[in-house]
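A, B and C label the chains in the order they appear, each numbered from 1.
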Amino acid sequence: MASDLAADIEALLFLSPSPVSVADLAEACRAGEPEVEAAVAELESRLGDTGRGLVLRRVSGGLALATAPGSEAAARRLLARPRTPPLTRAQAETLAIVAYLQPVSRPEIARIRGVSSESAVASLGERGLIEESGKSRFGAVLYRTSELFEKLFGLESLEGLPDPSSFDPDPGDERALRERLLSIGEQRVGS
Amino acid sequence: MASDLAADIEALLFLSPSPVSVADLAEACRAGEPEVEAAVAELESRLGDTGRGLVLRRVSGGLALATAPGSEAAARRLLARPRTPPLTRAQAETLAIVAYLQPVSRPEIARIRGVSSESAVASLGERGLIEESGKSRFGAVLYRTSELFEKLFGLESLEGLPDPSSFDPDPGDERALRERLLSIGEQRVGS
Amino acid sequence: MAIGSGLSELELDLDVFAGPFDLLLTVVLREELDLLEVELGEIVSAYVGNLSESGEIDLEATTEFLLLIASLLELKSRLMLPQADPELEAMEPEEAVEELVARMLEYRRYKEASASLVALLEGAAPYLYRSAPLPSELRQVAIEAAEQAYDPDLLASAVGDLLTPPEEIEMPRIPVAISLRRRVAVLRAAISAKRSLDFDESFGSESREIQAVTLLALLQLHGEGAATWRQDEICGPITITGRTEVPVGGG
């Protein structure tokens, strides 16, 4: 029994992004706090065995799992390297809209592209290319490009964004870029 | 040495938000792929010991740590995260067509199912199981399954999907169906 | 979202089936309804009626409708054709049956596959993955280590694509409603007046839509055994002949 409880606690601490109190562990495991304390001690000693990559930390908020010291260099090589797979068409369009119009809300992106852009926004956020930047008057989250974005595109600043006019099918149109994108986006939905 | 590598790998998998390939682990740990494979096997067997709360899963082209099935109930109580609702019949059929025929357009899904699949496609997209993947020659949006799909369905890759020909009815059933339809046609033509 | 022309909104009230169009082919594929019992012309009229009422066209929904109705039409017309017409050898009922069997088997395959996917999901559900942000020390290093990986022109060209208006798609102006019943009546009258007539000569001045529905009416009369036709070459003239002497049912 005690070892099952230790396993459950290991699982719970693994899943939780923040520290968990003994009381919360006891409630989730439907066990008493003294049993949880005993199981935590058992888990801690087991994790202390040689060859384990995880350790138990007691912090102010409760208990947490963390990586054992010694793996930082490998972790940095694996994870501190920005992920830069090629952008899909949806991601490229979404990123371009954020880059040229920032700050811009997701509904606005969807209106310009003519399709819901939820997953493109999410994956660009996950890769650190765009970030939230407050809310619009109507309460929608606004997005802007990040510092990482500038680095990955080799830009000194946003001033360095290329002029889209060489790709513009109608460079003579004097209206603001935002206005033009929105009006063409509406045609896209309407067709 | 081998046990240190297993510990490093456990730490990396703990930190990484998505499954990590053996090649990436090898690069991060500055080790050869065969050594990584051996260390992964060691980690796996250690995690397989009784009373462990974590298991190693091979999903979506890489390795990932997950909680052991025995801890699911306690984990869902702690995180207040109920199981995602099961797929509806329409969603499951649509997902199967996308999984096997990807990339595939909505009209093609409708042709096979004999029913418009607009809302099934939309809700699978919202659940993150399928994503847009360019456009067909005729401008219809094409869909494919996502990385999350492979993770949630426990697939190492799309190769892991069951062979579709295993779902075909036996020749006897097929013949019976054909004969029944033919007899309907003949009755109707009525000579 | 233009959903005015959505298939789920097309309610049908036919002799053998009442409900959304959405369901119709499914019911046929699941073998719950005999396709020969379904009046396809009424479905087309209802769809066209819906379309002109809503005034909006959702291209993808319309494509879906055309695909679905076209496959129904093809299957049904093949099932309806008598075996005896030597000039129509290519359309044996066996072939119609093969087509329908192939469609049913294809649907069944994915239905079975979907059951196996549901089982996979069920089996994988107890395994939970961690979802936590990276420790801050790992996140910060990323920016310093970042090197250029993308070409900024990628963004400019994406904006160029977004500034390109969608291609204008010519949508035919569809008359408010073309009644199949009306076309059947017109065709009957024409046949009884002349017994044999040339399609183009009689209907060539009508709109394409009316001509199409007249062809559907011809199919229906053919199914009843009241008319037949010849067309010696593809796109060549169509000659329609009345067959009053052989009504179906031997009456």
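We adopt the following convention: a residue touches a chain if its C-beta (ideal position, glycine included) is under 8 Å from a C-beta of that chain, and two chains touch if they have at least 3 such contacts.
As the structure is a computational prediction, the values presented were derived from the model and not from experiment.
Student: By number of C-beta pairs in contact, which chain pair leads?
Tutor: Top-ranked chain pair by contacting C-beta pairs: B-C.
Student: Mind having a look at which chain is the central one, using mean CA positions?
Tutor: Taking the mean of all protein C-alpha atoms as reference, the closest chain is B.
Student: Whole-Å distance, chain B centre to chain C centre, using C-alpha means?
Tutor: The answer is 31 Å.
Student: Rounded to a whole Å, what is the gap between the Cα centroids of chain A and chain B?
Tutor: Here the centre of chain B sits 22 Å away from the centre of chain A.
Student: Counting only Cα atoms for the centres, state how far chain A is from chain C in Å.
Tutor: Inter-chain centre distance comes to 42 Å.
Student: Find every residue in chain A that makes contact with two or more other chains and list them.
Tutor: 11, 14-16, 75, 79, 89
Student: What parts of chain C, by residue number, touch at least two of the other chains?
Tutor: 59, 128, 130-132, 134, 138
Student: What does chain A use to touch chain C in their complex?
Tutor: Against chain C, chain A makes touches at 11, 14-17, 72, 75-76, 79-82, 84, 87, 89, 92-93, 95-97, 99-100, 112-113, 128, 147-148, 151-155, 160-164, 166-170, 177, 180-181, 184-185, 187-191.
Student: With touch defined as at the start, can you tell me which chain B residues reach chain A in the complex?
Tutor: Residues in contact with chain A: 3-4, 6-12, 14-17, 20, 24-25, 27-30, 46, 50-54, 65, 67-68, 70-71, 74-75, 77-79, 125-126, 128, 131-134, 141, 146.
Student: For chain C, which residues count as touching chain A in their complex?
Tutor: 1-2, 59, 128, 130-134, 137-139, 141-143, 145-166, 168-169
Student: Once bound in the complex, which stretches of chain C touch chain B?
Tutor: Residue list for chain C touching chain B: 6-8, 22-26, 28-29, 31, 34, 36, 59-61, 63-64, 67-68, 71, 79-84, 93-94, 96-98, 100-101, 103-118, 120-132, 134-135, 138, 248-249.
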